[in-house]
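Right after this note come the structures.
Heads up, the next two complexes both have chain A, just with different partners, chain B and then chain C.
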Partner chain A sequence: MITSIQKRALHSSAKCLVRVKPPPLTIRPPIAPTVKNFEVNDDHPLWQFFHDKKYLRSYEDLDNAGRPWTVPELRRKSFDDLHSLWYTCLKERNILAREIQVLQAEIDQPDQQFMAASDRVRETMWRIRHVLSERAHAQQNAREVFEQSEEELLDDFKKYYLDASKDEDADVQDALKRLQLAVFGISEVIDENKVDKHFIKGIKFISNLKLERYSSDHEKYSELTPITDAGEALVIFHAEPTAESLNESIDAVLEMRQNGVSVDRYDEIETIQAYLNKLLEE
Partner chain B sequence: MSYLTKAGERFRLDLKRIPKHRLPYFEKLQRETQPPFIRPQLEVDLHADGAVPEDPKKLKYLVGDRVLIVKGAKTGNVCKISRHVEHGGYILDENGPSTTVVVPKQFWTEGQRSHVVTFPKPVTEDQIKLITQIEDDVTHETKTVAVENVEFKGTYYDEDYKKEMPYRMVYGDDDLVIPWPRPTPKEDGPLSTEVNTVRERTYFVESVIKDDIPSDALDSIRKKHSKWRRGKLTKTEVKRLTPPEMPLTETKKAYLAEREAKKQQPRALITDEMKAFLGKKVREHEVKVIKQLEELQDL
Partner chain C sequence: MSNRFRSANWLAKNGYAPQVFLFRNLESGQVLYSQLPTFTDYQIKTQFQRPNWQNKRPSLRRDIWRLMAVVDCDTYEGSVKLYENLVQLRSMRDLTLKDVAMRFRPRNKDGNIWYSAQFRPIYTQEAVADLATSIENAQTKSKIHWEDEWRKGEMSNWDGNLVTHESIDRVALQTPKALLEELKEKAKVEFNKLKTVDVEEQQQSQQTV
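Let's look at the complex of A and B:
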């Protein structure tokens, strides 16, 4: 308990705590509660909840002419397009939700015209989700069916590729590009590729196919094939589809074998991915 | 913000799902609670879907059609249809029937000066007949006639309506096609997308391995733990689907306890001696079998 003597002691804090008389009040003009008195940056993130920086739109400013996107229209759009559209819709719904909330304070119930506009946007949004889920299921089903018929399809392609004449070379190469993307997911653009078991299987298949078409009369052909090493497969996969280029790659592969350079089956994915990363850096 | 979600929509009062014998109560409720200026002018069937249909066949007459009033106070007047209202009503222009109601001050619109307001009164399909112009077979003059009834056959693509429309013709006379009125052109709204942008195809199936949808996005497209997913059962469902287990007999319990005790015992180690003994026994058996086979072959 603090005694009265302690209270009166000459503490330094007593000086600080001494009551100072406030300066006399000056009466300033009142600040009217209006929006004009606030300064908000143009890039303030909350502006995204306003249409054209308007507090409330009139009925004429609402989109009354439009209709929601239909499912067939959305089916033609890529994931990126649908993703953008989703966020456009979401922003519009946020704006409408804020406006409905503002109006609700006055008329005590959600405004019908604003609700109708919001419902139209909502319609597009569930359709986007519907289309995407439909697409995901279709892709899943296609993969299951493809697993059963993969061998047959590759055999057919092999027959077509090997039987084609020299005049059809360009067509054959185009078909090969489409096949490598369709079946093995190997894209022409390097940085779009992610090395996985399909990629490894693809480069092995394609390198054997190329060798058989262009270098089957090479003296070391029978000794070299089938290519099972991922490193060797990548060398041949990269070669141009001409006899000279492939013969050069065969020499490179033979040299690799002489030097004992090979990729272990268990490290294939990591090794090839590291090689691709290196290529990208260059 | 319950108005943002439609989750509770199916629990709301839906007059269409109310049994017929309960309807008079709701009709009375509506009569007593709705002031005259809100009350619908048409007779409303609470069980029927009163929404304005989109199908032109169901609408029969579209906005802009000229019609003749054949029933009611304004019989004989020729009007244009200005809009459709719920429960199959047509609102006509100023020549059509109207009604006056008293509107309280809090519902006054801008510029209103009197409590008494004249509203257009909707008419039903049987109160009007379509008016069209046809050519006389004999005099070859065009004359304006009211059509008793119309029918619809075949379809064509209408540029102005931007959809498939049925041909509308005089009932029983396929040659007399009555064209649909031209709609007032609509201007694009702020959210409209250009036709070419809508029609442009950006999704192509290129690969069976590579997905268009990133795998991380899949869970937000479809609920990961949705109970409607195949193979998802709740605890209650599992309990309900599992048959009760038969109580064990004393003998069975004793047997299970014995088996459990045996399992707990350490496994016997097989020594080389044991292996040699087993090997010997197996070989003896093999020799015996081979001998039997040879005897069988001799036979």
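Let's look at the complex of A and C:
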């Protein structure tokens, strides 16, 4: 005898219509958070604290063969080189510091190999500072010496400049360029210049020098010199170091004097700066 | 309002969306489930039935509770079922299947559950596991808005047909009240959209019959 339940089981519809029961309610192991859910940009600034985007370098990946830069090596480098080397070292130390911190959590003490690598970088860094301080002291000393013997040095140069023969013209002009940059801070490139009292003093000194060398036999020379007006000095300063060019500029200065054009002593810096700015715009 | 169990009808009538809210305690890492965007002593009493020194009954201080996740369900019945499941799983972990739950908890080298003062990260991880189980059991399509997507763990734990994940805007989290209000409105719009689609499908099937 077949029961009604058994009869129902024989129908094909019984399988289709069977109610799908949801999985029973049971507890499952806890779900731990994971960093896989994050997407980080390749240019994220914090990547700078990772070497090659690695969480931790192996001992083989560490630079064990290298040595710190020596002071004589660093002395040969320019300021820009030292500057970039400093930041390269700083980034490397940041990476190492993070890795040491990570390792410390595991082994309860700072890792010796990573510490040694960090110390090597640190050594380079104090040497960079040492070299820079050497340069700063040297500059300071030079400035002090220069302050004491500025007149003497300028007199020496004046003598050299005026006594040089015509054949030495090119050398003399190069020396003048070096002097104007070193003593008065006047650069050949206009936009590098900052007009201050040294700049004004420089153009006055150089214009007088040029006049004495190239135009001392001009009829109006004794009337004209010494040049004390900054505007006049600038006109002569700009002139080419030849007799013709300087004579033209002398004519221009005389015309200025006739027309009563002059720069007030108290407005020199502003007026010359404005003139340079105008030149730059053109 | 959240001082008693709320039925699906009540939620619909009172302008709530079919949602379930998970709050986490900053001090202990414990998680509180709620049908409404607020919680009271009622939830704490029902969800922390057997407190002990490790699993203290948390306080109601509002400043130490933060939103952990908001689950949008496709029906009000689904959201109620989901909430019931979560509460039931909590009682299973604390009471009936406590030994199983304790076995799942990873230990530190001293054999204790990892802790820092009152904080135990395992509570949040268990709540996430329970959420996945509850959704599978309730068979309700849901969208989870996470405060931090980090918590959802491996994607293999989630039923891809039922669950979608989204993360909440970090800045919006600073004003939780406005954020919850916004999520509610969005969920209601979504629910109404689904409802109209259902009605249209039913009408079409009737016409074809």
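Here is the rule we use: the second predicted complex is superposed on the first by the 245 of 282 C-alpha atoms of A that agree within 3 Å, B and C clash if a C-alpha of one lies under 4 Å from a C-alpha of the other, contacts with A are read in each partner's own complex, and residues count from 1 in each chain.
Here, a residue touches a chain if its C-beta (ideal position, glycine included) is under 8 Å from a C-beta of that chain, and two chains touch if they have at least 3 such contacts.
A quick note: this is a predicted structure, and the numbers were derived from the prediction, not measured.
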| item | value |
| --- | --- |
| Partner chain in contact with A:H198 - chain B first, chain C second, else both or neither | first |
| Partner touching more residues of chain A, whether chain B or chain C | B |
| Contacts of A:A182 with chain B and chain C, given as first, second, both or neither | first |
| Touching partner for A:L25 - first (chain B), second (chain C), both, neither | second |
| Which superposed partner A:I100 touches (first chain B, second chain C, both, neither) | first |
| Chain B versus chain C as contact partner of A:K36, first or second or both or neither | second |
| Parts of chain A lying in touch with chain C, wherever the complex brings them together | 22-38 |
| Residue ranges of chain C in contact with chain A within the complex | 85, 88-89, 92-93, 97, 100-101, 104-105, 122, 125-126, 128-130, 132-134, 136-139, 148-154, 157 |
| Residue numbers on chain A that touch chain B, as the complex places them | 61-66, 69, 73, 75-81, 83, 92-93, 97, 100-101, 110, 115, 118, 121-122, 129, 132-133, 135-136, 139, 142-143, 146, 178, 181-185, 187, 198 |
| Of all residues in chain B, those that touch chain A in their complex | 1, 3-4, 6, 186-193, 198-204, 206-214, 217-218, 221-222 |
